[in-house]
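What follows is a pair of complexes built around subunit A, which joins subunit B in one and subunit C in the other.
The block that comes next holds the complex of A and B.
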């Protein structure tokens, strides 16, 4: 998986702050695969590329997940803007994801 | 050759099928290892369930601590419910030295899902298990604990997902080769973990920790529910929490194979020792039963004083009176305990037993014994442990206690309050009387306006003992025994005995005088008869002599008359010759 978008915190356009996201998945497990698809859709639709997403496979990098205090998969971690937040699950509930990463209000404008 | 080849093939086949024979890992919880016949199944999963506060976390963590400390095997503790720092803080009361163990030895993984975490769809534990696998590779852990898995499951919100995740964990555990303990909180019902019934399916071994409330006292227990491929002791076993953590009380080995001592030790005074053939055996247990005030404590005190005088360490546990009250009261019958307390030989401990479960008292007693290491021990009264909790529990505690004490060779003397003045009633109470080697019963005999103490030896194993009731007299010089007086089938004591004894002495002396008198009279009669015999004898002799004399005269007379006749005849013949020869007579021939 590869990172997309801009550097953390840097504005890439006139009105949005870049969102820094980490998605922890367990290989191609069903929930994980769904989460990747759901998140990429959300990013396309609501973030306009103004985000920094890294997808980490805990099967390959368990130490990184442990260091981040990740427990279940899939887990989406929002690092920026503060406060940080965590969303667990396959991210099928789009509104809750948006609310958690702090762009819900903008999305519904 | 071919046969060998084939058996090797079979061995290989069974290995690839990974069906390994069941081996066990000891938990280090002594009683539990005994009831599970050796510990938990190695490389398998054990489910530990029970209500809140039943000791699940303590049990699981204690297994890890023991493995790390005594077997140098490391473990992983996954905490779903509490924060790991809380768990460490909570176990500071135990002597585990948890803070000295490194992260390599026990690794704590916080696995609490923070309430702030937003759930947006389904999730699973694949990631966590991958992380734990990595950790296991790092530390070489052999044990793993999933503490409070129910907390995690409730966060899944879907029964189907719960079952899926349980299967995921089960498969992961089977592949990992770890020995696992999974704890789950359930309603404390005696049998099935109702909500997580499927948890049982994943486990090879299921253990229930529970509580039982009886008569205002809560006691904790452990019960083995299932153990695939192994036998175990079924039934509920009492659990206590002491310094070393959880303690499971399992009766000691069933076979009593220890070699008993043949040494006799004194119970404190000679009268009683001689009744028992020289005292009680060292390491034996003696029960003194009786009503209140029958001097049970006095006899117990005398026993310990004598032991201290021999220089032995002793322990006096009282559930009735305070320490100094006992010391004062016993001093009034010349039993001096204070000097032995001062010298440290005697340790006295007194406690109230109300609202303390028998199990707790038992574990405290064990602690006291371990600290003081006495050779002689008194529990006054042991029946106090039955004041709270169920009689069944108290009975099992009492019996276990007697056996534990015996195992370490302590000479035990316990007193027991009997409800009625009848030894048989006591035997239904705590049933110590069946375990005790010697049973002395004290009772009152009321007669003649007095209440006197009577002592009976009901039984004494391996000892010829007197079957007689004795009177126990408490004097200024200490206790002593007196033969009781039996008169007309009645046992007399106290003043009645004294009166009877005096009367007996009186009549004895009277009888003595009478018999002397009679003796004398008889002597006289004998002497008189002898004298009479003598007189008669003399008379007889005289008469005989007379007889002799008289018969002698007769024969003389007869003889003389014969000779006279001859003479006469001769004379007559000569006279007849005379006319012819008469001249001739004159004539010379």
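The block that comes next holds the complex of A and C.
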């Protein structure tokens, strides 16, 4: 996995701060595939590219999940901005994901 | 069982071990925590087993991720006892018609009077069969888990449900279209035989329900019901709301609250926000009306 963009708090330009997200999945299993699709749609609509998302397959990298204290998949972990937050499940509840990412409904004009 | 069953014995053992590992890891999740809630909602594919540095897949994920090897059965038959009774050949013929589905707690599979479109073989979910007399209260007349199926009346030639089938504990089931199931029952003597035994046990359980709800006290009935659920769910911890238990036992919610307080005071269970845990199984058996024995044939 490349370290590019993985550093929390990296500034994308002079002032804008990227949202740093990690999504832990189990391959293409049904809920994991759904979580990926849901998250990508949310990123497209609300984050406008100002995010750094890495999808981690725990079947290939179980040790990374354990290092991050992940218990189940799918789990979305927001690393930055602080405080960190997690959403567990297939991310079908958009408002819960937005809350965890730290953008309320006001971010959506 | 036929001799061909021995040919997939290793597969059976492997699945059983995976299921046991899965349930032991699930028990370590914080009760009522976000992970457990997501498991309950059927939104989880895998759990990380820290003690074994291992990832354990849920049955539906296992099924979805299995490489499509030609000629291999697509689902371990042991996932459901009725299907496990089939010979390997019979099972392989059925495989294309068995669709793994995730059922969420509270979902209704059949309503009374409606045609049965699918039958369901639970893998790790538990489905409550409710009689819905006119008026508001319902009463449970059957509980279906990994050892049974929903939609047995089709095997008796009746394609309309007389009951409400409501998912009590979410999880995975294998679903088969009604027409395919009816044909299979006609063709497979093994399945017919297993179904006869199962339908007989359903009948016995329904008779026992009549005795139980007429003669037994609410607290001992609740104890029995919790033991039955535990057996079906193969777990000492499960999620069940007071409303759902009231609908199961045909009583008011307040009666469930009182009965649960009684069982908690005797330190037999803990029950908080729907998260139920059996603390003392023997004590709970002693406190029950012993109808669970008949209910979980």
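We take it that the second predicted complex is superposed on the first by the 90 of 109 C-alpha atoms of A that agree within 3 Å, B and C clash if a C-alpha of one lies under 4 Å from a C-alpha of the other, contacts with A are read in each partner's own complex, and residues count from 1 in each chain.
The rule is simple: a residue touches a chain if its C-beta (ideal position, glycine included) is under 8 Å from a C-beta of that chain, and two chains touch if they have at least 3 such contacts.
Note that the structure is predicted; figures quoted are calculated from it, not measured.
By the touch criterion defined above, A:58 lies against subunit B and subunit C together after alignment on the C-alpha atoms of chain A. When the two structures are aligned on the shared chain, A:28 is found in touch with subunit C, with no touch to subunit B. After overlaying the two complexes on the shared chain, residue contacts for A:74 are found with subunit B and with subunit C alike. Once chain A of one complex is fitted onto chain A of the other, the partner contacts of A:97 are limited to subunit B, with no touch recorded for subunit C. Subunit A has more of its residues touched by B than by the other of subunit B and subunit C.
Of the two partner chains placed around the shared chain by superposition, subunit B and subunit C are both touched by A:66. The contact surfaces that subunit B and subunit C form on subunit A in the two complexes overlap at residues 25-27, 29, 31-32, 58-59, 62-63, 65-66, 70-74, 86-90, 92.
Partner subunit B is touched in their complex by these residues of subunit A: 24-27, 29, 31-32, 34-35, 38, 58-59, 62-63, 65-66, 69-76, 85-94, 96-97, 99-100. Interface of subunit B with subunit A (complex): residues 109-114, 116-128, 130-131, 133-135.
Taken in their complex, subunit A has these residues touching subunit C: 25-32, 58-59, 62-63, 65-66, 70-74, 86-90, 92. Here subunit C touches subunit A in the complex through residues 29, 34-35, 37-39, 41-48, 50, 53-55, 57-58, 60-61, 64-65, 102, going by the rule given at the top.
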